[in-house]
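The next part holds the structures, each set out as structure tokens.
You will see two complexes here that share subunit A, one where it goes with subunit B and one where it goes with subunit C.
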Partner chain A sequence: MSRVSFVRKVKYEKELQRDVAAEVIATPGGEKILSCLQCGTCGGACPLSVYMDHTPRRLIGMLREGFKQEVVESFAIWLCASCYECTVLCPAGIKVTDVMYALKRIAIHEGIYPRRFPIPVLAKEFMEMLKGTGRNNEFWLVLRVLLKTAPMKLLTSWPLGLRLWRRGRMCLIGSRIPKPAGADLRRMLEVLEHGNASDVKPSNVTPSQGPDLLPGGAVSRVNA
Partner chain B sequence: MNGNGNKSVKIGVYVCHCGTNIAGKVDVKALAESAAGLPGVVVSREYKYMCSDPGQDLIVKDTKQFGLNRIVVASCSPHLHELTFRKTTANAGENPYLFHLVNIREHVSWVSDDPAAATEKAKALVKAAVARVFWHQELQPRRVPVNPSVLIVGGGIAGIHAALTLASAGKPVYLVERKPSIGGHMAQFDKTFPTLDCAACILTPKMTSVKQQPNIHLMTLAEVSEVSGFVGNFKVKVKRYPRYIDEAKCVGCGECIEMCVYKEGKYPNDFDLGLGKRKPIYMPFPQAVPPVPLIDPATCIEFKSHKCPKGCVEVCGDRDAIDFSQTVKEVELEVGTIIMATGFKTFEPRRLPQYGYGKFPNVYTSLEVERLVNASGPTLGQVVLRDGRRPEAIGILHCIGSRDENTNRYCSRVCCMYSLKLAHLLKEKTGAHVYNFYIDMRTPGKGFEEFYKRVLEDGVSFIRGKVAGVTTWAQSPAEEGKLILRVEDTLLGVVRRIPVDMVVLSVAMEAQADAENVRRLFNLGCSAEGWFLERHPKLAPVDTFTDGIFLAGCCQGPKDIPDTVAQAGAAAAQSMSLIDKGYVEMEPNTAWIEEELCSGCHVCVAMCPYTAIHFDADKKVAVLNEALCKGCGTCVAACPSGAAQQNLFRDEQLFAEVEGVLV
Partner chain C sequence: MASTRAYTYFPGCCMHGFARHCQDSLYAVFEDLGLELRVLPEWNCCGATTYMSVDEHQAFALAARNLALAEQIGLEILAPCTACFMILKKAQDYLARYPEIRAKVDRALSAIGLRYQGTARIYHPLEILLRDVGLKGLKARVKQPLRGLNVAPYYGCLIARPYALSNGVTLEAFDQFIPALGANLVDFELKAHCCGGSLTGTIEDVGRRLVYILLRQAKRAKADVMVTVCPLCQLNLEAHQGKIQRQYGEDVTIPIPYFTQLIGMALGLSDKSLALEKLLVPIRWQPVEKGAAAAQPATAA
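Then we have the complex of A and B:
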């Protein structure tokens, strides 16, 4: 007979951190989580919900109540495949996929994420690569992700890489975007991460030549 | 000089706190003090509730003490208390039109966040009212007789109940129904919740009474095409579509249907929502009222090719009720009041393709299932699927088209209860395992919660979660050939796949497709969803913003049968109160024309929407018939020489009011 263990299950209000909901609410459309009916359409629709520790519905419920630890540590947010089925069906108009992204950002920011799980590593490596060369190179991206998550997998997956390379689907040499545009890109990334757009002016791209990047992805054209 | 000759003007100003509704935003003391300094103001007070008896007594006492002859009350909307204070003014011995109401609640305190700005606005509005009331004149209300006939639009349970109530009180009723029979949606239902009364058993006696009641003039296959006039004196045009069978001659024996060249029904029957078949000549359903068949010209061979042997005409013989030459006719009615009972339509579930309605044959709407379980339905009450199988598992999906940002935001109010009823009936008739998928269970009615408990005890499964979709994609042999529902069971916290044979979509109630046109025809208000707007959501739930037109049933919003009947009774009582009073008092806001100023330009004659103005060729001036004038003010605005003037909206009054706000 196994020993009976008693685990405290009460969740006290003082353990809750309601600011995590505020962070999600601050994202565009995020305020909709307040109108969640807890109907479970998202969980029913999600092709991956059966593998999740918390379904999207429960995540939103916990998020609203300030169960920060559980939400941010949840494995579910990394399983989201961004198929947007939940967003399409949600009767409360919640952009569930965007909520998942917001939670992923918070988790990365807080440094709480499954270290050897490929999705956060992929996201980080992708960004690093973009910051460096402005272009994505599949070969190096896959190599870096696999080295950091499952290096032994390289032993089994190299034949696939070889076949892709033979058909010209994988380039071993990375390319880089031209200098002035590269500087603009870095500035744009900087704006996205820290500052506001008004501080940053395009270097040699005059407004009439192309769309002007504004926060929130709005595009204005001067030469109407 | 003022509106009342030389009598000196003494104005009393009364500011209402309305509890904290006004006083919470507006500095009522400062407002009353500022009003005291305005020209002509003799007394200015503030009080907690001006509409209360002590508040009204203040006005009466002051009028006697100070000899007031103008009253200004700054309180709520004139919709609520203009009449109250007009009566108070009359009680104080003054003409009721020497009063003016300022709305500092809906227009100021409720719509403002800034107390200082709110007080300033209230001061400006009171100043305008004081300036305006100076020019007010003694006026007498006009009396117009009320025609005792009532028009009821729609022959569902709401229209039927209102018609019977009015007719039994001796009022002539015109009951206009678009379909070939009265009865509406209720006639299609099998049982009614929560008592499980048979819908037909309780409805058909009322339908028969409609036919037998001599005061009711029933018009089926008819639509209102034009409405003019005003409270007490509406003129209505009704289009009557041909039935091709003379209602006066037919006895409803049904032999013509037997003799039709089609031996079996071939065309989908509307009443059974296409689940049953009918012939080109048919009765909509056995208990139809009037019990007269009709011919559908789109499917009748005689209409298509004129080559039919016409067994129907032959068997009818000397009675000669069948008349292929009938055409659309228009009749004109004169009525005093109108009751709108146009009902609802069910939500079209094809708008939500994830539920597979129209794609998978065994996905039904709840209304279709009502016909399936009904003994007079297309399967004679046998619940069998389209392939003849008996279902072993049935899923009932709540909130289809309700509580959904993608379709309708509102709760349709009846779906929880009718889903419970269908769960009970389906379980009883098939022995199948029934699942209910709900977001929230809403059973707030008399005997409703008890019924829920009863269905729970029946062993019906209740799963709290909205089904995300219906699929036939089987993942295991047990799911082969089934409809699979994927749902998160939110109480158990697991995602489930549930195979069923039959899916019932509990579809929402929606406003009729042509509600917008009907609303325009009758000059009614309408909410964003298309429901007709009541005058006040709590205190005038059957009145509309058009005097003399009342609402009954689901045209005003989703509701169940008891509420519909109650509202229909209320609408009948409202209309009866107008009829029995015999007259309506109209606002004395009619226009008149100053002969000396009139240049005879004819502009007003052409503009008047009520043909109340004609041109006197001898005097060469326009002449206004006060009895026809509705006080719309069109002529006043159009007159280039300022000859057209209107009571309650005279130039001096309006200019003084504008000046009061601005200066």
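Then we have the complex of A and C:
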């Protein structure tokens, strides 16, 4: 008899959180996760799966079964660099990249990530900057993210900054959208943030035929 | 090129920052070929790959605002950053396929007096060069053939994924612009492999490893330079060479020109107009007499 203790990986029905699968199914690109074959093409194609705790295939499997905590707390979702290898190869037509985006959104909205983890901080700072100037300035973005996550890294990352600066590739005063357009942009984002802005008339634009650019990917159709 | 053709130019944020040399060379080459770039007035950030992880509807609206502005002008849109390029295409695709996203975005746009119709045509500048100038046209304009220069073509993810290039063009067909410039085309099988994108700044060890895999492969394939079509790939591949060299104990020094810099060199444009001095790893290539090879892999500054 050795000193082995079993770690129970099975969940009881009442511990499962099936709402997360429904949430992903409701997002564009995630509709088809129920038809996942568990073939592993996504993980095989993924250039980052070797660094992941759970491969994309496994994440989808766990997601369907209601293992919300394991999925949303997974490091793998942050490793996705959105290269779309999985999305173009998936035989079931699942947009795996969009599934990963949906999981990142859930983790960010629910605050499920380690303190000072740079990716959610980057995403939020990026959003704030965009609302302010309409464009993104990588110098201030990187500076703000570093200050909030790992100020000590400023010590190791300044040489690259200096090399870029000396070659005129660092812009301290960012390009910004003209003021009235910037106000428009914020207004547009606000309308979406508050869902149903009552003062906004529904658009009477008739949807046109979509793009004709995509032989392999999406076939567009008229949504009348 | 008898008449000047014009395009709506969507620069994207990085063209004012770390990718200024990409923009300089793009302008120089397009002007030389008689193609006009007109900046999209009041353009905003496309949302990059980041905004989607916070709010998908806002992300689509950001792209749609640019598309609606461009539709008013009516010219083809040209996006030299492959992330902008893909995101604009993705927004157009999803707005056509998902009526509920379309309704939300339409409402947000109408609040600021814009109408999105979905009629914009989005291209990467390399697509435009090969379509409107063509390989023959390009060859005819080469003044300074890049003889002896071994060039590995690297496209990264987003130019041909998830959306195919227009008119069924393949990346292998794209490769042919390299021999058209008089250079040697290196068979580079990782041409559409991921460079790590923003991971080089967030999960650095992993990001750098992806860059290392590409640089190592280019070195093994005996490339003198690795040409890119995406400004972020360009920065990733050249900015971390020193650290990678120290980490993996392997020489990975290789210049990473943006494709318009390489084309401009062959067109005989000045180094200054192509902003070659802005590369972190300088290209040292001297035009030589036929037959002699003279690409000097340079050291990192």
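Following the convention adopted for this analysis, the second predicted complex is superposed on the first by the 180 of 224 C-alpha atoms of A that agree within 3 Å, B and C clash if a C-alpha of one lies under 4 Å from a C-alpha of the other, contacts with A are read in each partner's own complex, and residues count from 1 in each chain.
The rule is short, and it goes like this: a residue touches a chain if its C-beta (ideal position, glycine included) is under 8 Å from a C-beta of that chain, and two chains touch if they have at least 3 such contacts.
The structure presented is a predicted model; accordingly, all values stated were derived computationally and were not measured.
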Comparing subunit C with subunit B, which touches more residues belonging to subunit A? C
Just to be sure I read the superposition right, which of the two partners does A:Gly40 touch: subunit B = first, subunit C = second, or both, or neither? first
Please indicate which partner A:Arg58 is in contact with in the superposed arrangement: first for subunit B, second for subunit C, both, or neither. first
Subunit B versus subunit C as contact partner of A:Gly93, first or second or both or neither: first
Which holds for A:Ser49: it touches subunit B only (first), subunit C only (second), both, or neither? first
Overlap of subunit B and subunit C contacts on subunit A, residues 85
Complex contacts: residues of subunit A adjacent to subunit B: 37-46, 49-50, 55, 57-58, 85, 89-93
Of subunit B, residues touching subunit A in the complex: 354, 399, 403-406, 439-440, 464-469, 486-490, 493, 495
So in the complex, the part of subunit A that touches subunit C is made up of which residues? 27-28, 47-48, 51, 78-79, 81-85, 87-88, 95, 97, 101-102, 104-105, 108, 118-119, 122-124, 126-127, 130, 134-139, 142, 145, 160, 163-164, 167-171, 174-175, 177-178, 181, 184-185, 187-189, 191-193, 197, 200-203, 205, 207-211, 213-218, 220-221, 223
Per the contact definition, I'd like the list of subunit C residues that touch subunit A in the complex. 13-14, 16-21, 42-45, 47-58, 61-62, 65, 89, 92-99, 101-113, 115-119, 121-122, 157-158, 161-164, 166, 168, 193-194, 196-199, 201-203, 206, 210, 239, 277-280, 301
